[in-house]
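Each in structure tokens, the structures are laid out below.
In the two complexes that follow, chain A is the common piece, with chain B as its partner first and chain C second.
Showing the complex of A and B:
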């Protein structure tokens, strides 16, 4: 048994009083969870502490909180580990998740934000037509591909810390977009293009993510929502050539061709090209609005006209060759660590590696016999 | 020490003062820079978004070029851009994870006679300062301590997340290094909400309001915390925080005027270089507070 000090953020919006910190000392073994600590404080010290929980085994996703400023599951965080990430005073801070209104203390309104956004992405399978008489037959590989996004337990930890949502509450967000990939990556779904068009054209859709890695860091289940958002963009732009009104696809295409030509980025071209080219109607107002900055930059000799207009770099032949080979491939070669694991892991557990090796090679299951059913 | 030096793209384009200040500071720190001038853009996450294999191959090529320098005596590869650090690290994680995948990538590189061998050490200048040069040595080189200069750190997402991939842990708190460096140089570290958040730059062409709102909010938070300036190891953050600052100020509806320094500029100031030598005159937001400070410390330095 050891003593742990918990500092819990308390707030009851109905009371009319401001939020405050409340400190409790609990006695538990270090391998017990922060949730057990909160429950002990509630049961023994103060029955009015508001906390939501159910399974206590990192499955139900109810007990999302921030521990020492980082979002996660209270039931999945050991008190010992929490003490290590605590400040110098050795007090473990427990706060409600961010980006969602507080109902009471550690309980946030998941319906108002998280579930609304999940509903936004049509979170069910729209069967591909024609619907087969029996089950859909799909390759094993394609179902493994969506398991990463299926691992989501809807705890809201990624939503809590999303930095785009912090400034743009309308952003569809990491959890819902990971859910969208779960269907866009599913070969049985018949609405891939509509889903992607919808989420590309929405100003608060897939192109509103800044790659800040907060959701990857937050997720207790390894879903890596940001990676799923990047895959949605990849499929929208490359496979369906969706040219969205937010310039998402244009920006990506402009960036890639900029590097193909110049080897390193020539910024002066990137901005106008991202809007469709220097003389594109979209680009003109943008360029005019950035004129004062351009003039200041020229005056301060941050850039020179020569440098802005001329192209001092050209891509080395080796770089051009890489573009030729990789862009010329018929099928995307996308190495996913979540699925493949590392060589080091395989060495550490040879039985698992052997089992994977021995398993049937990925491919279409014999028709009408085996296979995942829808 | 000798490093295979990857300056990145923006430090040779819109933030040329970064490349220049690194070149000025390196000899004072006894760092010999061997520039990887045939290497290409890291992709900044955008090429990976288009094609993961393309980003992995381009960066494997950069690593292979750096390894050529390392066999000829360089200690490691060094970059001066948080985004390069993170984007290259992400590719390296995949390349190092699987010999089979690495072989596929090396097959493409073989046309040029290059091969990437797993395990390259690639560190941002910030990490080199703390882990290779060491804070003690750095402290001994300070000629003009940043006394009374209130500096807010701004890291850039790519150099602080995800923590496991970037080997950030209690024994190696890379997400606290900027504060450590500011203190070592004699300055005061300003604690404000935005230090580890996103500058918003990646979506400037897609959702300008949200992008500028992020930059503006962090600059305003730093202003409220009474910072004299910010310092960043990321030139892309610098673009949104400095170049776009007039627009960000409009977006958040308040005056900002927060100078943003590149990391080598801050180090250079403390090592005794003048603001002019460090290219501070090229910033959009005039670093008046920093200049005033430097003149108060050493009369006439900088010649403004």
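Showing the complex of A and C:
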């Protein structure tokens, strides 16, 4: 047993008072969760502490909060670990999630933000016709692949700290776009192109993400929403050749060719390239409207006039080779831990495999083990 | 005052499936739940769903396994329906978008599960319940124009008029507003009462609300003594470790490193039915061969399953091991023990979900059809929720479409509003909700667990009767209207105590050992006297009334049960 100090952000909408911090001391083992800490405070000291919770095991997705400023599930954060990330005073701070209105204490209005965005992506399967009599025959990998998005428990942790959404509250956002991938990656869905067009043409759609990785860090279930967004982009741009009117696809392509050419990002080229090059008619109004940004960049010496006009750097051979190898592949390699496993998941050596084989009990041995699904 | 043809209370798998089925008939539907639908406890079902979809399988084999699993207490007409309709239901789910795991040919893969004579369990890694629940919710969003959702509404009472159920009173948790919902048919789909036990695999929301609400208006409960202890719950905190682990080949070992299931179920070993495995574990523990710091656990050894397979198909329990016990289950055994998991009993229904109260239906864990009898097979509960959820939805809608909207007075609303005011006005001298809940849970887990006897059950009953009195003055800190979870906790406590009393009373009544009920004072199954269901009904403030109903037997006569 150890003592932990919890500082809970409280807000009572009926009181007419501002939010405040409420400190409680709880006694629990360090590997117990922050949620258990909150519940102990609620059970023993103050029954009015508001927090949604149900399963206690990171499956139901109810208890999304911020612990020491980081979004996650209260039930999935150990008190011991939370103490390590606490400030010097050794007090664990628990606050409601961000980007969503607060109803009471740690309870936020998920309907107003999260669920509205989920509804935005036509969140149901539009089955390919004709519907087969039995199951759709689809590859094993494809189902494991979309299971990564299916593993989302709609806790809202990714939405809480999405930087793009902070700037553009209309951004469809990480959770909803991961949900969109669940259909676009599903070979049984018959509306991939419409879905992708819809989300590319939407100014607040797939190209509104700024690659900040916050959602990947926040997700307690390994859904990696940003990766799913990037996959939506690749499928939209490469497979369906969708050139959206917001220049999202061109901007992404400009980024890639910029690196291929220069090795490091040459920012002065990036903007004009995103509109088809410096002298493209479409680029002129865009460049003019971007002048204030250019001026700021010059003033902050992020860019110099010389660098803007001349290419200071060309890509070394190593970078070129990366492009050759990756683009020379027949199939696109997808970064999906559900398929590739983690680093340590190399195939077992033959001896180990044989040992495992020998250890299988006769009679009840599952045939469904890797490679011999029955 | 909202009025609907069909009002569904609870939005887990049974409730959502009922809503979708009822919507197809053109009836007006509302689905109401105290939590957002995807937070429902169906989300926690891990291993899979049984259906005889393999070309070499037969629904009769599934039915027989289920009947044997039930220790012959299941009603065979209902079991036949469930098993016969299972393949089509699973295909419906697949077409709705469930990402069932495939084999190399691209067909649905099947895994082995306890008590089953062949591989019959379709699955999505070990998040099958979650995948199903989220896909059904996708369908609910798709049908948003025909299904009204009341998310985070808490039911305080069912309403009756001339003996029929005609609606419910519910409180919007966010605002504290209380309303009367009138309905031609009401379907209860609000889950089990696992929180009566501590520890339990069940979520905090599983407080037996629907069971108690139906009981309050006179619907009989059935098989309440049948409480399933799951063989593999984390010793640390009672979390579920899916049976899928044993389905994939994991072993159970005692302190001597022995695969002790050889002694108890030489053929099926770790994949015997759950009551058998839990009892075997408990026996090993009682005889001093337990493991762990207080020797109250058993080793579950998943390291014998190929690591890559574990990471792919048992991902969730890899995380549970890591996050909640600090163990890498692919490298070392994990300590488990039997833990309260499921209520076979519930509100008595026929195979269309109809209870004995006209207009009231029930489906899922809240109900007792009875397809699980004395012991439920793993991966049959998801199936139960869907088959009988759908059937309830269809039948409740059919009944509703043939009648006029009944009158529901505001009498109950006024009563419930006063009840809430009374709770909020209580003096601080009362006990805390959490104290009573804790005492109830540990009492039930001590006396109404894997092994039971007369004396223990009697003392459990005394405790429950006392707690019922104490609950009347339980104190709540929160006096507000918005998200007053403290107040809801006080009401849930009453629900739990009603459920707990019926469990104890039924367990005392059944003087034999069958399925999950093992009486050390009556260690044998006694078909001559006890091949019958125990029904429990409310009796005012007194101890509940007991009556019996027959077990329906079609093709399968009771026989000795070995695995």
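FYI, the second predicted complex is superposed on the first by the 274 of 374 C-alpha atoms of A that agree within 3 Å, B and C clash if a C-alpha of one lies under 4 Å from a C-alpha of the other, contacts with A are read in each partner's own complex, and residues count from 1 in each chain.
What we mean here is this: a contact is a pair of C-beta atoms (placed from the backbone, for glycine too) under 8 Å apart; a residue touches a chain by one contact, two chains touch by 3 or more.
In this text the structure is predicted, and so the values were computed from the model without any measurement.
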Partner chain in contact with A:123 - chain B first, chain C second, else both or neither: second
Partner chain in contact with A:136 - chain B first, chain C second, else both or neither: second
Which of chain B and chain C A:233 touches, first, second, both or neither: first
Which of chain B and chain C A:48 touches, first, second, both or neither: second
Partner chain in contact with A:22 - chain B first, chain C second, else both or neither: neither
Which of chain B and chain C A:201 touches, first, second, both or neither: neither
Contacts of A:301 with chain B and chain C, given as first, second, both or neither: first
Interface residues of chain A shared between complexes with chain B and chain C: 341-342
Sites on chain B touched by chain A in the complex: 8-10, 12-17, 38, 40-41, 43-54, 56-58, 61, 86, 93-94, 96-99, 101, 104, 108-109, 111-112, 114, 157-158, 161-163, 170, 197-198, 200-203, 205-207, 209-211, 213-214, 217, 243-244, 246-247, 281-284
Chain A partner contacts - residues on chain C that touch it in the complex: 35-36, 38-41, 43-44, 53, 91, 94-97, 99-112, 119, 124-125, 127, 130-131, 134-135, 138-139, 141-142, 144, 151, 174, 203-205, 237, 239-240, 247-249, 251, 259, 267-271, 304-309, 311-313, 316, 319-320, 323-324, 326, 432-434, 476-486, 489
Residues of chain A defined as touching chain B within the complex: 84-85, 163-164, 166-168, 171, 203-204, 207-214, 216-217, 230, 233-234, 237-238, 246-248, 251-253, 255-256, 259, 263-268, 271, 274-275, 289-290, 292-293, 296-297, 300-303, 307, 315-319, 321-323, 325-327, 329, 332-335, 337, 340-344
Interface residues, chain A side, partner chain C - complex: 12-14, 31, 42-44, 46-48, 50-62, 76, 78, 103-105, 107, 110-111, 118-119, 123-125, 127, 131, 133-140, 142-144, 146-147, 150-154, 183, 186, 188-189, 338, 341-342, 345, 347-348, 353, 356, 359-361, 363-370, 373-374
